[in-house]
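Report on the structure given below.
Each chain gets a letter, A, B and C, in the order it is written, and its residues are counted from 1.
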């Protein structure tokens, strides 16, 4: 437990906060630079408690081995768990009576549910010899305001009973984030708003877990899909952000070609430095908000350039996925983040997109 | 200008209608001629206006980049409305042709058509009304039947609840009485049995009138004082039979006089356990 | 000035409604034209289609006066939106006084929209156009659109 106390002392250092991304009526605030979060005392206490109790489960064991490094950069470590993996994005309506204190109970209940499902034979590829364990834990790193709202991570691991020394393999990781603390104060106090859910793992487990969550918390969870409009925004906003350490990936735009034989998609790759120059010339460097006109100009210039060389009108085709130096997003709701510093801005954008779709009364209270 | 175009259309339409009518009397043909002349006049007027418009009015594109298109649109609307007002005020209402005969013909035709349509409507409504009446009758019938059923059910419920209330007490009393009687009879039978048994099958060493129960402490095998009298033996057997029906066996011990056991065995009242000869049980010898 | 589609360049044809559908290729102009022609009306209906305005000078002589202009927009493609915006510049003011409307195709697939609906609405309001949203591939939608366009004004 001593390592835990060093952890909590590290958190007391003061970090800067920078404005997070927000979309309001066609304007967006872009982040630049390192992001951080403030911790509250309650969070610190809970974290140490959870790490102490979750000693046999995989998530915590990872943290334990890395604690010597935590003193320097806690956020990048935890955000690093999100980076360089493909996540499927789901959107969740507010959860009813979800409490961070009851995570253990939820773990147990979900484990029972998973075992039942396996016994029933619902799980494909797993026989009844496999045991599953579900673990809910608090995933720090994404606090949005002073009270330090936490995100919750669920990891489901499965292992075969007979092979005793077989390590349990993680079959599903699910992250429930974007929790906005204000919501719990204004909407009747018993609702928790965690709009963004990221999953990674086998589909069958995802389905079981989501059905359980919908039953347990009386919410609805759907696959998130991005329209061309949102993808265009994302490209314009993030194409100019080049992460410093690694060599940046090229900016990619994938279009789906309508009704032509033999050609399904058209991929446009642009050198990120050129993109950055275009971005700088389009964007008004003084203002911190990103305007719709700038998005249009950005795209128009790209399309014109393409037309001049290839005589193809890009605007006739559907934009199906985009890749920027910091993130790759497809219209079906799959996302892969490359840069640790910008994880927060990406997530904030997702939160905003989902909250936009909430009914107006709910939006006003958020 | 569009107003005059509409008027022209109407008039030519009317002329067509009238001309196509089956009854083309003299009056009508004159009317048609008059109408034709009118049409030609209007056409000429229209052409004049049109050339006027082409000369003087220039069309404007609504979407010019420097001004809001809505401004232009609203101005146009404004001008159009004013023109309409002026035209209507000037013209009065002169839609129908002035010729009396043509007018009459048109009015008659319109009336006839209207009458036909109304008759159709009437027929339709009548049939609907009939359907509804039948439906209503059926539903009333159902209602009556349902009410009957309801009444019967209520009666049944009342009877059942009455029976419940009264019979509970009766049955209780009855049962209580029966139980009492049975208990008394049982006691009586037992008494009789005890008397009979102790009279005819007295244990050895026991004098008549002196029934001594065997105590647990002293087990005196030499004397006959330790023996269970037959009636207790029988009682034990009977009790065992009812209390533990799956294992109605009694372990034989020193208390049980072997003669008694022999007697009971020979009469067929008891029977030994097939595996263990020390166990005996009561059998239904009366069957 | 000759480029602008002028209302009443010629006398209107009696008992006929001449319609012009302006829409980008692939926005569904042909489908809409066929739909309109299926409608039974008291008057004759003629439908012309064009992909962009201004109309070419060649056929100007044989062209009748257009009574109604329909702007067809496919919301799943940016190109369609741009073309419509441009086309709106070349139309006489008189047409916006109840003689034109905007039909938005592709309304039932919001995950494929290339533009926010509010932008389309802004465009329509700027020109005082009525919007009809539909998915022309669906038969029901098509029938509704047809009836709305050809319904006699009360």
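Just so we're on the same page, a contact is a pair of C-beta atoms (placed from the backbone, for glycine too) under 8 Å apart; a residue touches a chain by one contact, two chains touch by 3 or more.
The UniProt protein names, listed by chain, are A = Centromere protein L; B = Centromere protein K-like isoform X1; C = Centromere protein M.
What you see is a predicted model; the values in this text were computed from it and never measured.
Comparing each chain's Cα centroid with the centroid of every protein Cα atom identifies chain A as the most central. Comparing the chain pairs B-C and A-C, the larger number of C-beta pairs in contact belongs to B-C.
Per-chain Cα centroids separate subunit A from subunit B by 48 Å.
Centre-to-centre, using mean CA coordinates, subunit B is 52 Å away from subunit C. Centroids built from CA atoms put subunit C at 43 Å from subunit A.
Interface residues of subunit A, counted against subunit C in their complex, comprise 26, 225-229, 232, 258, 299, 313, 315-319, 331.
Those residues of subunit B that touch subunit C in the complex are listed here as 1-2, 5, 8-9, 12-13, 46-47, 50, 53-54, 58-65, 68-70, 72-77, 80. Contacts from subunit C toward subunit A in the complex involve residues 26, 76-79, 82, 110-116.
Residues of subunit C that touch subunit B in their complex: 1, 4, 6-9, 11-12, 14-15, 88-97, 125-128.
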